[in-house]
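The next part holds the structures, each set out as structure tokens.
Consider the two complexes below, in which chain A is the common component and chain B and chain C are the respective partners.
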Partner chain A sequence: MTTGAQVPVPPTTASSDWRRRALAAVSDAGLRSRVLAVVLALVTAVPVVLAAGSDPFEVYRAMLDGSFGSTLAFADVLNRADTFILLGLGIAISIRSGFFNVGAEGQLWLGALGAAVMALHMPGPSWFVLVAALVLGFVFGALWSGLVALLKIAFGVDELISSLMLNYVAILLIGYLTFGPMKAYRAGQTETFEDVELPSIFGNRLHAGFLLSLVAVVCIWLLLSRTRLGYEIRTLGASADAARYAGIHVNGVVMRVALIGGGLCGLAGANAVLGVQHVLLSEFSPGWGYTAIAVALLGGLGPVGVLLAAILFAALEVGATNMQFTAGVPASLGSLVEGLVLVFFLFSIPLTLSRVRAFLRRGPGSAPTVAGETD
Partner chain B sequence: MTRRFGPVTANDDVDLDVHVGEVHALLGENGAGKSTLMNIVFGSVAPDAGTLEVDGEPVGWPTTRQAIERGICMVHQHLMLVPTLTVAENVLLSVMWTENGRRMSLAEASRRVTEIGERHGLPLDTSALVDDLSIGEKLRLEVVRSLLQGEIRGGLRVLILDEPTALLTRQEIERLFTILRNLAADGTAVVIITHKLNEVMEVSDRVTILRDARRVRTVPTSSTSPQELGTLMVGRELRPRRVVHSTPSGPPVLDVLGVTVADHHRVVVDDVSLSVRAGEIVGVAGVAGSGQDVLAECITGLRRSTSGAIILSGRDVTRVDRRDLIENDVAHVPEDRKVDGLVGSASLRHNFILGLHRWDEFQRRGWMRGRAIDQHAARLSGEFEIRTRGIDQPAQTLSGGNQQRVLLGRELHKAASLIVACGPTRGLDIAGTEYVWNRLVEQRDRGAAILLVSLDLDELLALSDRLIVMQGGRLVGELPAGEADPERLGLMMGGSAPVAVAS
Partner chain C sequence: MPRRIGKRRATALLLTLALSMGVVACGDDDESASGGSGSTSAEAGGTEPIKTAVLLFGKANDLTWNTSMADSIERTKGDLNLDVVSQLESVTAADGARAMRQVIEQGGAELVILHASALDQATKEVAKEHPEVCFVQAFGTGTPAANTSYYVDDATGVNYLAGMAAASQSKSGTIGVVGGVDLDEIVKSVEAFEAGAKAINPNAKVLVTWVGDFEDPLKGKDAGLAQITQGADVLYAFGDGTGLGTVEAAKDKGVPLIGAWFDQYELAPDLMVTSFVSNWAPLVTQVTEKMRAEGPETCGIGTFVANLENTGTSLAPFHDFEDKIPADVKAKIEEAEAAIAAGTLDPVTGKTKA
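For the complex of A and B:
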């Protein structure tokens, strides 16, 4: 890849080549390795449970009970899942285009801020404020991510770095606001906005945010598989060179993807404050934006996969919290299993790749070549 | 001292021996296996079979470290230096220990570099940053480093240089050659990889010609001529020339006027003008990196020229968006179908509309028209006789020939007025090559203007109605089809023939 007199392209295409290859491996990994990863993670956690002095069988049953055991528990799972779904979709669509945005956490916080600002200050009927709050949440998230895309397009800043750094900026910004200008009677949080909330559906704790996330799943599926932009996203994600060859305006696609992906993450933030918390806290998210990267990867970067992976992770977290009460093992067991799932899943990929590599090594050009002949 | 190895299937059964005190040139076109062969000797590529002897004794295939320990060093085509470190620090990186096993200090590395520099006439400022050195100085540093590595192991016995002259000025080349001959006189065997005929004649004692990964011949340089070397390098076995050449008289479709491209302040295309008429195939010959690929990128809108103009059917397209070009007037068969012409992981359906995906036929207001796309893909699969399980099959699972048919099918479907084909038969077998050739001639006879950029002289000679030769970014010659032959082209490409211009 040369630069200079040519049409401007994002200068990081060469460096993100290995990322593209790695992600192709992630998306191509079969369902079997995903299921296997979950099983292995649950098995590996057994010694930990034993060390804590509990019966693993009891603990897992308590987790299952606490997530799928009752309508109420399942409603909690879906309420948590919608956050993961929206975040996972936002991350998946970014990565599918080769835009390696790890700023979901920051976009989530900004989205929550946008929603809180609207809910606190917008006059009008509550349904109107609700819609306005969701919209501003989307817009805030989109702009935060758009900033990352702008830095990449204009200055060639690697999005992996800038989006990660902006997460801290976002969290500290909301920290400042909730301890300063937006502080309520208690430091570290805003006034509550109980009257602006996502309506519950099916008459219980499940709120409309889950429907919202399902709509998002359908929209992203349509976008990726049925639209011209989706075609361009998939082309760019598979090969930046091919996208350039096809006359695709790479920067334009990157920007649009950043806005859509960041918007979805922002919507996740708006959804969380409007559906469950009804207040903006300085400790709003425990890192959902990072967990959602695992969700997006485990979901194979596709909308339906993300939906399923999000429900799995939500069940692990909610189930673990409930299990803490009944079985007495700390709820962080849920996070442990989440982490193990990802580790095993990612581990299963190099295992197959290494077989390919071993095959290639027998060939001539595959050993560590230092200089190629052709250039 | 002799190094012998063979049979090596990586390089198909190549034997080579290099003697003490000689400069041995390894001559061949790109992809002939020169670098691979030397990387094997240096230990950075492992061979499948074959043996290596040093000083008459068989030794195992080395790792890079073992090679260096035996006094075998290599200066790679892309210099292996850390630009942000100084000269002495770069040396210290690869020469960590002294003869008696002590850790080398920066001061000692610096002193010894200066010492070697004085002894061999290779002066270097050891405290200068590598980034600030000229390319000639960097190369000098690589040579000095190799000498020091050799000195510590009791003498540099083999020095391999992979196309060292590519970026040097004439004066620097002459100095390098003097140094190489002095090294040889001191008892080092020097191997220089090149595809430039005049350099072989100038510096080497013996020359081994490689073609298609095979050794063609090893001859003493004094008993050969550039003409002979050119023929041996390019090969005699011409594929049947079955094309009837045309002499069109219509107005030009493509006019390139004084196009210059600078890349990082280096001129890679220098004031090139050419024109292609409707119904004409113009071939562009030149060794790889002569600027022909950059020129093709300019014409197809992948890159902007620094100055000059490109006129397509009377319209100035110098600054026109590539999208506009490829959707209407230009078909482009790119150099490496696997890199940009196809999306390997995507289906044939996806690939058959790559670049055409904005056509109204395939999308309406941003929504893709699935049925139309499927029909298009199925029709072209049939028309171009692509062996496939169906349009869902990923492109990368097709054979090379079938992949090229997908690409060709898509591009020729445009019925564009200009076709820019870069190495359209690269990696194809005889049958695949013939298929592509026939299709291109068909397009020419339809009235398309075709610019054929190729490293394959047989292909250029078989298809071109007119040939243009580029060297070092400049257009150095033009020949009508009837006057071109491989010897003549080889000489012009290597820059050692009187330039013949006919028009």
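For the complex of A and C:
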């Protein structure tokens, strides 16, 4: 891809143009193609299961049992889904504005760091420390993403490159801290902070992080559909030139989107350490920030879609553990299905594009109706 | 050393692919495949089988750290009458607590073995929730709860012996050590390795490279090749997943090497002089016996330290190098082993103690 490196404020370059078209295709792809992608992925995994010498029916039943089979299992799914929801929202809102930020992983790690620093060092009652830790997690994620936006606005650095590179910086930074200054007990981990914990809700092991992520879903929905910034984001996502022509302060929108999106990813990190791990480890995340890009895309970059896609991916991962010990299939089958879902979904997009072209050629009357997603 | 980072790199992946069929094949028929264990579980008679779950950070077939536990369980489950209800692979710190609850609540596990230091915090939490379950945690921190045992290894003695074997195969006198992350315990093991090498060749030079990652075979290979360029003619692949790359470097250049955590002979039959082997059978045996005697609530045995004395660590057979290692070196290795066990030789400094 090309980078408009020397251009201070990048106009609609060829590269951002294809990105915008891809973006339009992803958000326009219908609910039908999404469901089809999931079904095809589950079917395609069957030969793999057979090759492993297991009964596919048994395997999928174990997966279903392990994710939706009991209240406890479903609580585990929702506890895992909240990370994907917050990350997916953060990524979706960035991409919606045409700010192709793939730095969710780094923002997630920074958010976890912010929360850990606050939880470890802030004096005061635990509810206060908890809130402060969530806030600092949001702020750290926002600043990390804001740095990417700053580089883009001031020097025209392509955000795709800078945000990806900053992921490694973030992971290595936490590696340095957990092996160095913040090390406790043993290399690679900080002191634990069990007192500062997200409370469980419904008398269950479901922790409040899920509620937090639901609130975020509503907020982002309101933001996108009911506010001026939401309108500006959507306009900018459709065309930077049009946005500029409409008098939108493009750089201001990019910066605000970066702060909100990065903040949400940071909040996901804070949520994961405060809700589940209660310690900051050098191996805090197994790459959730990247999985969440798939969640955002599959969710059509809309809040409700992200919520559903996040629950689907969480169920696949939690169910996969159960599948591993009841049906004797490697848990990587869960990741395999995740990957296949994305592949099939992306395959379905050219199909959608051709429909768009047909629409433009023949006019609205003859366009086949595609079940659109409401969000 | 037990810190596995979840990145799947090319070499590890290839190895996994090559071996996965075999593992899947033996996964289904634990009873019928190994006739030995089938008959011994009958001998254990009278006792109920203990439902056991093993959580691994990496793949059970990595032929290093994870295999060391998977293999120890496989060897002991017959005698100890363990019913392995699940062996989970690639369990991350983030998923540890959830996976533990799943194997206990859905899988009915009574004994849970956590072969990853990163699961320490999760184990503390789940052990509190489930006092009726026995937990065994690698490199646990603090004081273990009544239903929890910790285990660590003291690999200095065995590394001293490995250093002696390595030095006997080096003509240039330069030996390359490729390590993962310079954790305190591992640095000490490498010091012991160097002391052992100097016991055979006082002029031995040991090059040490820390790659900074336990699961990066590509870096492990580059570091190994660099050391060969610097004159090393024996390599020590001491980096777990990273070490698999170091093995590749040795194979490329036809240089003899030492393996770690498991007998890695299969990886390079012509070149593997010996390996430092971890054996967790004594640990599993001690915990199971206490659990049978006193119940899971107080099954904790404190912290188990694997060393040469309790066979928790040992030197692998020399295999193809049986004839290439001079008899006097073999005698010296045996002597040193006895001296370390007797406490008269400090393997880290290589100095004899009164």
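As a working rule, the second predicted complex is superposed on the first by the 336 of 375 C-alpha atoms of A that agree within 3 Å, B and C clash if a C-alpha of one lies under 4 Å from a C-alpha of the other, contacts with A are read in each partner's own complex, and residues count from 1 in each chain.
Simple rule for what comes next: a contact is a pair of C-beta atoms (placed from the backbone, for glycine too) under 8 Å apart; a residue touches a chain by one contact, two chains touch by 3 or more.
Since the structure is predicted, the reported quantities are computational estimates derived from the model, not experimental observations.
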Is A:D55 contacted by the first partner chain B, the second partner chain C, both or neither?
neither
Please indicate which partner A:A238 is in contact with in the superposed arrangement: first for chain B, second for chain C, both, or neither.
first
Figure out whether A:G66 sits in contact with chain B (first) or chain C (second), or with both, or with neither.
second
Is A:R228 touching anything from chain B or chain C once the two structures are fitted on A? First, second, both or neither.
first
Looking at the overlay, what does A:A246 touch: chain B (first), chain C (second), both, or neither?
first
For A:D195, using the defined touch cut-off, is the partner it touches chain B, chain C, both, or neither? Pick first, second, both or neither.
neither
Residue positions on chain A within touch of chain B in the complex are 2-7, 24, 226-232, 234-235, 238-239, 241-242, 244-249, 361-365, 367-375
In the complex, chain B touches chain A at residues 9-10, 30-36, 39, 42, 44-48, 64, 74, 76-78, 80, 162, 261-264, 288-289, 297, 301-306, 321-327, 332, 334, 339-346, 350, 353-355, 357-358, 363, 366-368, 370
Name, in rising order, each residue of chain A that touches chain C in their complex.
52-53, 65-66, 72-73, 76, 79-80, 179, 185-189, 192, 194, 205, 272, 276-279, 281-288, 317-318, 321-322, 324-326, 328, 330-332
What part of chain C is in contact with chain A in the complex they form?
3-6, 20, 24-25, 27-28, 53, 85-90, 92-95, 97-99, 101-103, 105-107, 117-118, 120-122, 124-125, 139, 141-142, 181, 183-184
